[in-house]
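Both complexes below contain subunit A, partnered by subunit B and then by subunit C.
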Partner chain A sequence: MEIRRFILKRLIEIFVIFFVILTVLFLLFRLAPGDPVTRMVDPTLTPEDAAHLIAQLGLDQPIWLQYIYYLKNFFTGNFGISFHYGVAVFSIILNRLPNTILLFSTSILLSAFAGVFWGKIASWHKGKKTDTWMTLGALICHTLFLPWLALIMIWIFGFNIGWFPLNGMISPEIWMDSSSGFWLKFLDVAHHMVLPLATLFLIHFGSYLLLMRSSMLDTLKEDYILTARAKGLAEKVIRNQHAAPNAALPVVTSVGISLAFSLSGGALTETVFSWPGIGRELVFAVSNSDYPLAQASFLLIATVVLISNLVVDVLYAYLDPRIKY
Partner chain B sequence: MDIATALKRKSLFLIHIFIILLLPLSCGKQPDHHFLKIGLHEEPKTLNIWLASDANSKKILSLIYQPLYLRDPETLNLIPWLADGEPKYHPGTISYTVRLKPAKWSDGSDVTSKDVAFTAGIIKEFRVPRYYSSWKFIKRIETPNSRTVRFYLEEPTAIFLTRTLTSSIVSTKEWTSIAQSARAKQKPLAALINQKIEKPVGCGPFVLKKWQRGTYVHLEKNRYFFGLRENIGGRILGPYVNDLLFKVYGTADVAVLALKKGSIDMFLWGIQPGYIDDLKRHKNIQLFYSKKSAVYFMGFNLRSPPFNDVSLRRAIAVLVDKEFIISRILQKYGTPMDSIVPPGNQHWFCSDVPRYGEGMDRNHRIKTAYHILEKAGYTWEEPPVDGSDRVVLGKGIRLPNGQLMEKFTILTPPADYDPHRAMSGMMIQEWLRALGMPVLSRPMAFGALITQVKGRHEFDAFILGYGRLSLDPDYLRNFFHSANDKQGGWNMSGYNNPEFDHIAEKSAHEMNQEQRQKLIFKMQKIIMADVPYIPIYNPALIEAVRKDTFGGWVETLDGIGNLWSFCLVKPNSGKTGQ
Partner chain C sequence: MVERLLEGWSIYKENLIGKIGLTLLVIFALMALCSFFPPMIDPMYHPMTGVDPQISHATSPSWRHWLGTDFIGRDILCQLLAGARIAFMVGISAAFMSILLGTVIGMIAGYSGKVVDTILMRLADMIMVMPTLLVVLILSSLFGQLNIWTIVLLIALFRWPGVSRVIRAQTLSLKERPFIEAAKVAGASHFRIIFRHIMPNVLPLSLLYMTFRVTSAIIIEAALAFLGFGDPSTVSWGMMLQWVWKTGHMFQAPYWLLPPGICISLLTLAFYMMGRAMEEVLDPRLRKEVAQE
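Up next is the complex of A and B:
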């Protein structure tokens, strides 16, 4: 009953926050200088033609009227048509989002698992060489500049050694060949994914390792760990079955939030690797005042972040029986 | 065995298996020389010709939809393309007759005069932005037969030849139903431009085979192309390649690596000078250096002091060291500009204009600028040239009316948008400060800058550029005619000169090219005497291709990525697409 009441309360909160985000997003884009036509620096576009285009895009209406249409469209599931692509923003997001989820969620999950695993080992060997090297490695990875690392990876493994493609998500040669079967296409995507995935893994892995290590060190000071030792349990059992599950709670929160934010992709990663994800579209939409595309993308991210927060909260109660709502 | 060790071994084993599975993908692909692979900086946004405003969409569409006339790559003169012969002018009726070549659309239907009339109808009815200004003066179009079009103009209009006849023609069959459904909508233009075009029907050398969004665009040879094996402009046209494959490279670094590796044959985007030395060392890479139809300039707000004073503008023109900007900021890959018309536009470029500060060293520039201002009544608390004619740091400059010059700002795009313009702004700031001017160069987000300069007219000075100027110089009229000094108008400086307006209007209606050239020259001279804009530089376009795979690129103004190149490029293996 209590958890149900908690979920209901959070859902109401989420709805209110969502409405605020909806409004703030609308205002932010409308109040920013420029409009979709501003960037068309083309002397053949007369002010009259520009005004005509603005009117056709519905941007000549008073802001309050635009806001009403915006709300109406949103609640009827109409996210609008991109000013630059000329197609429904929903179809653009649908086209790009799976690519982003595939790359970024995989990288977050992989780096979280690796971070938890190595963080556990590092904390267990606190003060020893293993811990020192792991912490140092994690710190270095955590502070690497992503575009630089991405270019280095491309230069070494794509250009010099030639193991992996330089960029993109698929090889047109394979996908255009009608004889290419599912597995070949699957391997082709996996092949293209290795370098961006490795880059993101290196960047994220360090932070999870450090988080797990720090949480584990706190957990190891708990009384129940002392009790477990007093009961004569094996060290590995204490580490893996008693300490690690409790220490992993902050990592779960972090992964939950990161997974939600992964929907926004990473414009830098997607640009360097020419990965056709939503991150680049988001940057394009914002810098070119493509309001419908930018609004819909941000709303999607906001929705997922809000819901994932709720999921993480609920998950906490299951993972840690001490937490009650 | 320790769990960690076991897991590590299992992971390593799986990774090895995975890499073994993937490696054949790296080695198995053989380059196909009939596929011309081209790197794009960004994916095209749309294949709807009426919506496309980005360079990549336009580039791909230019291979599909064709105009009646095209510029010769060497002379830049218009030559018949889809048209058969020169247009015939009938002064009595202010009309032009154009004959069409026998041609077919990519769906196999005939290209007829009705298609030309239909294109005009769409543009005029829907007021299609960017096209409308080139077609609005056409009173009516007659189609006496399927291959003859007669255009009746409301009045003689010079851009008819250079802009109207060089606009792409669309197929009636493709667009009739789209236009019909758009007409029924509350916002017809929005409906027209928001129509998703899956398979554009054109009559150009290529047709769309597949657009895998986010990944590649595949064009294949149009077997109905009217120019196939025809001699047009003294060249036997292909295309000699069966397929074009456009792939996206988000950064120039990766595109350059792809070029060196052979993953692409050409990068359809200018390469920064920083890559040149590296690319020159590669035996299979050829570099092309072209002029651009572009102008990068400093503009002033002439609507209020201090820049409503021509002497101040001239003094600043002397202080701006274009050679320095080109050698240090553009790394010598550019041309200093002395007129708004780029020097590569040979027919319209006027070289006989005032050249402020040309060949002067820094001290000479400061002294000349000082003398111009002193003569115009400017005074200083500490003049930049002292009693013994030595250059010192000027302080406290006062306007001819005795008022202290107020602090002013040069707005530039930010360095992440265009480092050249941002850096130029900072250099100019330093040069003006040497004369005692209280100036600040301020980079600003591009959209905000345009809104402030073009929309609100709230600025002192700015640095902007036009990267793709039309080859017809009618833009001079757009930029400087007083009628365009309005919010959102292209006369951003607020220049107002009745003599210029008169000549500009005359030039817009002058159908004789030689007479028009004289008028355009006069306009350039007036502008450079009044300097509402100081043209600064024309950056060189550096392009790189693989010379071991394809050859026969056609160089022209704005580079080798032109329609001629794609009609003439051949595989170097000797095999051609039949």
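Up next is the complex of A and C:
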């Protein structure tokens, strides 16, 4: 019961935050220097089409009415027409979203598990050489400049050794060929995903390792660990079954908090690897002054952050029964 | 005060990570200082406008250009030195502003409680979930090319919430202490209590957060420049990477691709390491762990 109330409370909070973001974005797009009409309506459209779009977006109305139109359009999924692609922004975004989610969730999950695993080991060898080297390595991974790492990955593994494709997500010749089955396509995407995945993995892995290490060191000082020792349990059992599950909790929270940060990194990775995701679309839209697309991509990214934060909160409540809301 | 600093220093210098960080930082500071000299020697060594008259394409390292030249014949080493100066400027000023904001807002929220606290902290939550880099991207698309100080200001405006949360928590526990009670009884104003009695106690913590904020400010500016939204009148490391990437030299010119990335990574590493070492100085709990070894 408690947890249901908590989720409801968080949902309301998230809704309010989202509403504020929507409003701020609306004001920014209307108040920025320049004409909002030229910003939302493709200059290359025919006058009739332009007039139709202006009426649809409510750009000929007073500003408060424009706001109502804006909200209505948002909730009905009408974000306008992309200048560059010439099709509805909504369909572009819907098309790109799964690619981002695929790359992103895989990298976060992999790095979180690896970070927890190696962080546990580092804390267990605290003060020894293993720990020093692992901490140092994790620190370096954590502070590597992401786009540069991505370029180096492409340069070494894509260009010099040639194991992986330089960019993109699929090889057209495989996907155009109607005889290629599911597994061939699957392998093709996996092959393209290795380098971007490795880049994101390295960046996140370091921070999760450091976090798990310090959290584990805290946990090991708890009384129940002493009790476990007094019971004569094997060290391995204490480490893996008594300490690690509790110590991993802050890692879960950190996944949520660092999400906004990771999404920026995701946009950079997608851009460098030409991975057809939402972050690359945003960067692309901003570079090409494709305002409808930029606005919608940003809103979508904000939505993803907010929803994932909720998921993390719920997960946390589920994982740690000691938490009372 | 001096004694406390000296004591802190004696703990700090025992820390390996802290020592590595400080060494790196000194090296980069020297680089930033050296950036003033090459343009004086010869105008062709100017990082932005200096073009070697004999070279019109990217060349590998030589005696004339120790790290080679970029695609129009500008010296890469000079750009690298100038980049160090920009990185320090951006990192430190953005971090300073964001911790200033964060500390003041955190203290006010913690000290006043109730409605003010709720409003400020909800605002912090809201800003915290925004990916700073993408927000700045959107703003630069709306307002056109941002200059370096606008970028610094924007980074500061979006990076205070983390600091303010920590400072607020600290203030909450501080305001229950007897010395605040005493100050109140003595008739000190709220303003005075916050800035004379609470602030000195949270300042070390703010300083610690500043090192981490320097790291994130440098990364955000570099990423922005890398994507092509930096200040076109400055030579930053991110800008250099953008040039090598956009002009298609990344496979042909490792001498150009490697240095800027290594510098960004090492400078952020230096600040991050110093932050971790300072954490140990400030948090006796962490310090004891070390002492037990």
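Just so we're on the same page, the second predicted complex is superposed on the first by the 272 of 325 C-alpha atoms of A that agree within 3 Å, B and C clash if a C-alpha of one lies under 4 Å from a C-alpha of the other, contacts with A are read in each partner's own complex, and residues count from 1 in each chain.
Note that in this section a contact is a pair of C-beta atoms (placed from the backbone, for glycine too) under 8 Å apart; a residue touches a chain by one contact, two chains touch by 3 or more.
Computed from a prediction, not measured in an experiment: that's the story for all the values here.
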Notebook entry, point to check: Which partner does A:P43 reach: the first (subunit B), the second (subunit C), both, or neither?
Noted result: first
Note to self: With both complexes overlaid on chain A, does A:I225 touch subunit B (first), subunit C (second), both or neither?
What the structure shows: neither
Item checked: Contacts of A:I121 with subunit B and subunit C, given as first, second, both or neither -> first
Notebook entry, point to check: Looking at the overlay, what does A:V20 touch: subunit B (first), subunit C (second), both, or neither?
Noted result: second
Notebook entry, point to check: Once the shared chain is lined up, is A:A32 touching subunit B (first), subunit C (second), both, or neither of them?
Noted result: both
Margin query: Quick check for you: in the superposed arrangement, does A:M176 touch first (subunit B), second (subunit C), both or neither?
Written below: first
Margin query: By the touch definition at the top of the document, which applies to A:N309: first (subunit B), second (subunit C), both, or neither?
Written below: second
Check: Which of the two partners, first being subunit B and second being subunit C, lies in contact with A:D188: first, second, both, or neither?
Finding: first
Margin query: Once chain A of both complexes is superposed, is A:Y291 in touch with subunit B (first), subunit C (second), both, or neither?
Written below: second
Item checked: Intersection of the subunit A residues that touch subunit B with those that touch subunit C -> 32-33, 151, 154-155, 159, 271-272, 287, 289
Next item on the list: Could you pull out which subunit C residues touch subunit A in their complex?
Entry: 16-17, 125-126, 128-134, 137-144, 215, 219-220, 222-223, 226-229, 241, 245, 250-251, 254, 257, 260-261, 264-265, 268-269, 272-273, 276, 289, 293
Check: In their shared complex, at which residues does subunit A touch subunit B?
Finding: 32-34, 37-47, 49-53, 55-58, 81, 84-87, 95-96, 99, 117, 121, 151, 154-155, 158-159, 162-176, 187-188, 190-191, 194, 236, 240, 270-274, 276, 280, 287, 289
Note to self: Applying the document's contact rule, which stretches of subunit B touch subunit A when the two form their complex?
What the structure shows: 3-4, 7, 18-19, 21-23, 25-26, 29, 32, 35, 43, 45-46, 48, 51, 53-54, 127, 129-134, 163, 187-190, 193-196, 210, 212-216, 218, 245, 247-251, 253-254, 257-258, 260-261, 263, 445-448, 450-452, 454-455, 464, 466, 468-470, 475, 478-479, 484, 486-490
Next item on the list: Provide the residue numbers of subunit A that touch subunit C in the complex, in ascending order.
Entry: 13, 17, 20-21, 25, 28-29, 32-33, 126-127, 132, 135-136, 139-140, 142-149, 151-152, 154-155, 159, 217, 257, 259-261, 263-264, 267-268, 271-272, 279, 282-283, 285-287, 289, 291, 294-295, 298, 301-302, 305-306, 309
